[in-house]
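Chains here go by letter, A, B, C, D, E and F, matching the order in which they are written, and residues are numbered from 1 within each.
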Amino acid sequence: MNNISKLKPGDSVETFYLIKRSQQGVTTQGKPYMTLFLQDRTGEIEAKLWTVSKEDMEVLKPETLIKVKGDVIDYRNKRQMKIATFRTAKEEDGLNPKDFVEKAPMDEDALYESIMDYVIKIENGSLQRIVRQLLNKYGREFLTFPAAMTNHHDFVSGLAYHVHYMLRTAEALCDIYPSLNRSLLYSAIILHDIGKVKELTGPVGTTYTVEGNLIGHIVIANDEITRVADELNIEGEEVMLLKHLILSHHGKLEYGSPKQPMIKEAEILHFIDNIDARMMMMDKHTSQTDKGTFTDRIFPLENRAFYRPEKFE
Amino acid sequence: MNNISKLKPGDSVETFYLIKRSQQGVTTQGKPYMTLFLQDRTGEIEAKLWTVSKEDMEVLKPETLIKVKGDVIDYRNKRQMKIATFRTAKEEDGLNPKDFVEKAPMDEDALYESIMDYVIKIENGSLQRIVRQLLNKYGREFLTFPAAMTNHHDFVSGLAYHVHYMLRTAEALCDIYPSLNRSLLYSAIILHDIGKVKELTGPVGTTYTVEGNLIGHIVIANDEITRVADELNIEGEEVMLLKHLILSHHGKLEYGSPKQPMIKEAEILHFIDNIDARMMMMDKHTSQTDKGTFTDRIFPLENRAFYRPEKFE
Amino acid sequence: MNNISKLKPGDSVETFYLIKRSQQGVTTQGKPYMTLFLQDRTGEIEAKLWTVSKEDMEVLKPETLIKVKGDVIDYRNKRQMKIATFRTAKEEDGLNPKDFVEKAPMDEDALYESIMDYVIKIENGSLQRIVRQLLNKYGREFLTFPAAMTNHHDFVSGLAYHVHYMLRTAEALCDIYPSLNRSLLYSAIILHDIGKVKELTGPVGTTYTVEGNLIGHIVIANDEITRVADELNIEGEEVMLLKHLILSHHGKLEYGSPKQPMIKEAEILHFIDNIDARMMMMDKHTSQTDKGTFTDRIFPLENRAFYRPEKFE
Amino acid sequence: MNNISKLKPGDSVETFYLIKRSQQGVTTQGKPYMTLFLQDRTGEIEAKLWTVSKEDMEVLKPETLIKVKGDVIDYRNKRQMKIATFRTAKEEDGLNPKDFVEKAPMDEDALYESIMDYVIKIENGSLQRIVRQLLNKYGREFLTFPAAMTNHHDFVSGLAYHVHYMLRTAEALCDIYPSLNRSLLYSAIILHDIGKVKELTGPVGTTYTVEGNLIGHIVIANDEITRVADELNIEGEEVMLLKHLILSHHGKLEYGSPKQPMIKEAEILHFIDNIDARMMMMDKHTSQTDKGTFTDRIFPLENRAFYRPEKFE
Amino acid sequence: MNNISKLKPGDSVETFYLIKRSQQGVTTQGKPYMTLFLQDRTGEIEAKLWTVSKEDMEVLKPETLIKVKGDVIDYRNKRQMKIATFRTAKEEDGLNPKDFVEKAPMDEDALYESIMDYVIKIENGSLQRIVRQLLNKYGREFLTFPAAMTNHHDFVSGLAYHVHYMLRTAEALCDIYPSLNRSLLYSAIILHDIGKVKELTGPVGTTYTVEGNLIGHIVIANDEITRVADELNIEGEEVMLLKHLILSHHGKLEYGSPKQPMIKEAEILHFIDNIDARMMMMDKHTSQTDKGTFTDRIFPLENRAFYRPEKFE
Amino acid sequence: MNNISKLKPGDSVETFYLIKRSQQGVTTQGKPYMTLFLQDRTGEIEAKLWTVSKEDMEVLKPETLIKVKGDVIDYRNKRQMKIATFRTAKEEDGLNPKDFVEKAPMDEDALYESIMDYVIKIENGSLQRIVRQLLNKYGREFLTFPAAMTNHHDFVSGLAYHVHYMLRTAEALCDIYPSLNRSLLYSAIILHDIGKVKELTGPVGTTYTVEGNLIGHIVIANDEITRVADELNIEGEEVMLLKHLILSHHGKLEYGSPKQPMIKEAEILHFIDNIDARMMMMDKHTSQTDKGTFTDRIFPLENRAFYRPEKFE
């Protein structure tokens, strides 16, 4: 098979991929060439096309499906594909670009259903109404956006998938520590990253919006709750507490939260968020590493390398 | 004179003061006594009343004016007043509690006029309307609140006095560096601490509200701008930039700003805020210090002691 | 009732307490007096006995049960008891000092049973044998020691109670994240603080041993595993991994771990440990605080004050 | 036009530039080539000459003016010039290398006059004499040196230009905050970076001297004041205060100041220095960025990227 | 014996001490009393005189020798002396205040001789001349000043005693690592703290001068070398290197050095300084601690407590 | 001569080198090539072989001696060798790979003898027996391993050479500061890095073992002492102290020590270790630098560049 995640130097491929990004360049001899970042559901690879025509340059745009024939080589310890020939996909190939991007392992419907099961468990009426209103307003984006541009949950539906896992852990912790308030914790988990639907540009090839950079998803989420509570005429301590959980969920001021957690549920929200993000990253990197060896250093995990045990999994 | 700021161990007093706070205690011998924090416009002093009746305890509440006769002693290197006798003020004494709290050196009308002069100079219509609307909504509090609970501008009208000085520096810097946008900078200066009218409890004896602790004046101000812009149907980049200036005015994430300054005016706002707060603190402390000596260590000035030159002022 | 945790200034008491610590002093007038720290199951209080005889000084030693008659006063914002008279407990009072110290809410047998249920679930034979051997060796101490000298789980059986809760959270997380290895995680949780049985002096009135200060519970636990594995002739990757989890469970070098977590289970162990310790501290402090107010600043929780909601619990 | 700052990939040029630095290299095929860093008043560009003779290598030295014909390409996201042919400038071309380096927007005479206007305003005679003596001694270098090797004011006359702007801000602040001592502040601003005339090698292509590295401009300036005060027989508190302002002007120990600011004017000097340096960097970077986009990350501005508003300037 | 360092609660004394500092106070009952800090060669103790006359207050000044009769009590875990009666020393008592202050274990002559032995070993003529000139200029102070106000070597002749030990370690390290330059290292050791003769007020009861606070001993020493080298017409790399060693001897910018060590000898100077200061503090504190126990936390040793072994010394 | 450390761009060589590492690559044109890292006793160099056969690839393995003919070029400011032809060494060349790796300047026998001289000086019998037992167990590795993978003492016998120098400094300091315990300090120096024999893979081309990464040399050494003391039935304070010195020898928690130094000898051990490592690095780098210039920035020396004086060595 030609799954990108499996390609090794020495492999030859002849298959379809989606262009994620493309760049034009000029060799030191002055000839044009192109760098394509090709992807399928399993990953991406840098590819070089050393001979290009004007027409090629027109055609090789992001979001285009192409069939390539080429070889994988090792360039400075990284895999690189040298494209020999290519053609763009035709309608009769019967392919859909959507099938060439990474997605959460659960589909949107399953995620929606799972999350709604928890919405029902929000016993506080005001909080449930706020959550429902915001899911109505941003449901589409909420179910398709990634949770981040890079690092963890950086794939289609990553945001909802992340929320789904966090809710499961929250439920378990509320069973073990009954002093935690379920309504507050579930509401805040569902909404904690809702601001990402404005901070990021979209489900695929996402990047930061200007608003994302200057205001940030934490304050965007806070603004949305302010507006929705005003619309629904909801007042009271629970709104303030919900906002506090959103504002403090990064745990420390230096991570961009304007307030540190100052109630129990805020503290626990931060831990649940962290555990799910870290499990996702550790699983992803160790699964790509041989047994008995270490991963590369992982920047968002404090630049540590993780060991994958010989037999112990 | 009996100005509190001038009292020294050895002095005897017989004059009126305002009770700021009061506490009941019991001596190691089991007898009740009271600790009163007395104030006038110039400062405050801790006072002890070693013999108290039940009636005294009823009467000696905060915000009460009393005439005390007593002596100032040195207790562990701090001044303390030992009250011999006291009586509460009567109507015929013709005194007003307002005259016994510290105030800004300019009165509310002068501050209002000065600040409105700058409002007129906000050329961008959207920004001027937002500023006017919020000054209408919170004008009373804006003109009477302190800028902080302790440290700098911790007196009646401290907030507006701080804004007034910042505007003057902003005007000078805009003259020197014409690439700065006056509309944006003036608007943000006027509103940067407007959230304090909800973060703090009031002009006198102020402390933090629950909302102040859990949400904080930065996000409160942001919320107010969100609401007002929605009410006035104002949209556009300027609203986002104004919010960015408010959100980033503490300069660093670890100081509670959820975003660092990312436009020129945001960077300069942070500097102007800092300069005025620091000038206020340095002037206050050095004016209370002898020439040729150092002040005590001042915590919000990185715990430094400042030198007051012999002749050089 | 005379439960120490409930005493307020103004209360009079006549009941039995246990002396935790005692100090002799001399008043500024040169007369001897004694300070006693009295405790019952609910807490402790500082008490003063202003008139003492030579015989009193002999008698008032730590671990002694006395019946005191006295009054609670407010001394510098703290409760203090002024003892009028006292007598030591007699056999006919039928009291046991053990009933006057704070204990975990579960008894030793229940804790033992619960933890053994998890030992059985350690599928890896080598790890199960190491765990059993160490529980045999240090079972008594393991079931009675606190988990710390101050801060969290600082009561009789605190260590086992902490382990018990951590195991429950571990089980939930292993269900949610099946890539985690249960054998490794359960073994490490049970043994992670086993070194405390040598780091601390005992279940009651505990303090650090010299070995605790110079070597520390992390390396002590590592040494015990080294010895037991040698005794049982157990070798292999699992021993190294178990030791790695113990060594890294403080999460960061600056918290005293000689290695950072470098396998998944090590990372998760650190989080589970943290969650249980923090839940314990947050519950303890907020339960002693009025609704709608903040706790004092809690040093091990980054010196934050926590809010107890009005209605939201 | 062929201004370097405006060149884009795809442009062809045929014009004069100054060689800033040059390097010889050998291609992987073993052939010699040269890398030239070419500059004009607006900026610099890296250029490659792939075919070079021995004579070329002799001729292509720094500070040489050459006329080049070539094309601008994109190499790894940076502009690079591929030189086709070149010749050195001849006398009849009538060009002066001085016109090919970046300079302050004000000329030396205007800067000198402006700064002398402030010297006159130094009312303290001792301070004015020290300032005049040092301007006499190092006037030439003071008016032509840059203020830094990179980052801000890194151009001919950058040092005096920086001082000129700082003096204007100082004057404004002294008007607003009359407790500031003008004599002290103006003197210290003029001399604060005078040590750079020995720390750096010269106005063009500047780098650090050995003395600059081992002693540094702060202590060099202090030494010069020590010597001049001794020569002029000036003693007294003002000399000590002036030296303190120089020594503390980096604001914090970790930025290389051996003392933190401990008088008002020292604190304010640090802020004025910072504001001017930051305004210079922010203006430079945003002016090279499209509206509605962000600059690259700017290292000396805490690695932040700055936004240039769409319409708001 | 009545050596202050040996006094314990319960002891009675009748002997001569020197008043180090004295304070007047007023009891809560309004009566005057005095606090005296008494010293002899071995240490100091706080003493209270609860009944004082006007004449007593005149007489009990710092630097006065008095004979006291009193008792040592325990006050809040610290020793305190309660003075019953006292009289000032008379000429016929034949006592000298000098004998009541702590001194280095070597006398000034021995220190001078030892240090001069190393001066002779400075082979570089320029450096030797600079060192000799400065020892001539400040010899008296150099031999009597302490090396610090508190912490290490805070006794008469502490500065020279510290230098003496550092020279011995330097000699040993130059034998082991022959690439070190002896002339440079010896010169810098002798002069590294010479600025303290102006930073501190004197050999006894020392405190910081204004110049010490605003300029600091590092830059003061640098200035002195600048002046002496100018006087002696000495130029050359060695002067710059010597100044670099002085400037960088605190090792890090945040410790007040304007430059980090950038030559070998500078790095080693910092280590030698550190070793001697730390040995002095560790020896002092452990010698006052019982075997098998820990010292109090020692602030300048990163707040660590040190263990004194049972048998192992 | 063809010593690698002396090679400069432009040099031609024809001599024997040892292959340290080798990599296969493919050029952008798709042709195979090889990168060899060649070494001799003086250093290493990267070499390229642009035309390779299948047989060449088989033959060019690490630890192989080859005779190469080639040229040294400059590639991006680094030396690179372009290999023209090569042959593998034959038996008749009479060469030994051991002569092509860097070694300590003293041979193993001399190091052994020197270190045993200090073992004899360990007066405490328990400590001497522990040291002897561990030297017996790991003598071979102890005498041949490097002290580190990179940075300091990263050559054959580097570990023993480092210990040898540290012992000499320890002896000198014990002479100067007689309160230090020689038995403890010598024992700890000899064993402080003994864990490296399991942390690293071997004397040549060393890298970290899995145990090295997950457990680390500090705890490995601690384990070995635990085992040996158990075997020899040695108990007592000295074993605990020895372990404390090993555990704390990195000086700070953030450098991987689970405990900070808490006895004098532990503090001094850390300093001696640091001095020797730093002298080694400073000497190595400055010896490769021209007089009057600075070294490159040296990462383990806090990224400082060191100056090599013109005349002053």
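One rule holds in what follows: a contact is a pair of C-beta atoms (placed from the backbone, for glycine too) under 8 Å apart; a residue touches a chain by one contact, two chains touch by 3 or more.
Note that the structure is a prediction, hence the values are computed from the model and not measured.
Both chain B and chain C are touched by A, E. Traced through touching neighbours, the fewest hops from chain A to chain F number 1. Chain pair with the larger contact count among A-D and D-E is D-E, by C-beta pairs in contact.
The interface formed by B-C recurs in C-E: of the pairs listed in C-E, A-B or A-C, only this one shares over half of its residue-numbered contact pairs with it. Copies chain A and chain C of the same chain sequence form an interface built mainly from equivalent positions, shared numbers / all numbers used being over half. Chain C and chain D have Cα centroids lying 61 Å from one another.
Work out the mean CA point of chain B and of chain E, and you get 44 Å between them. For the pair chain E and chain F, the distance between C-alpha centroids works out to 41 Å. With touch defined as above, residues shared between interfaces to two or more other chains in chain E number as follows: 210, 213-214, 241, 262-263, 294, 305, 307.
You'll find the chains touch as A-B, A-C, A-D, A-F, B-C, B-D, B-E, C-E, C-F, D-E, D-F, E-F. Looking at the complex, you find that chain E touches chain D at residues 210-211, 213-216, 218-219, 222-223, 226-227, 230, 240-241, 243-244, 247, 253-259, 262-263.
The touching residues of chain D, counted against chain F in their complex, run 24-26, 28, 30, 210, 213-214. Those residues of chain A that touch chain C in the complex are listed here as 124, 165, 168-169, 172-173, 175-177, 179, 181, 184, 237-238, 241, 260-264, 267-268, 271, 274-275, 278-279, 282-283, 286, 294, 301-302, 304-313.
Residues of chain F touching chain D in their complex: 9, 48, 50, 71, 73-76, 82, 292, 294, 305, 307.
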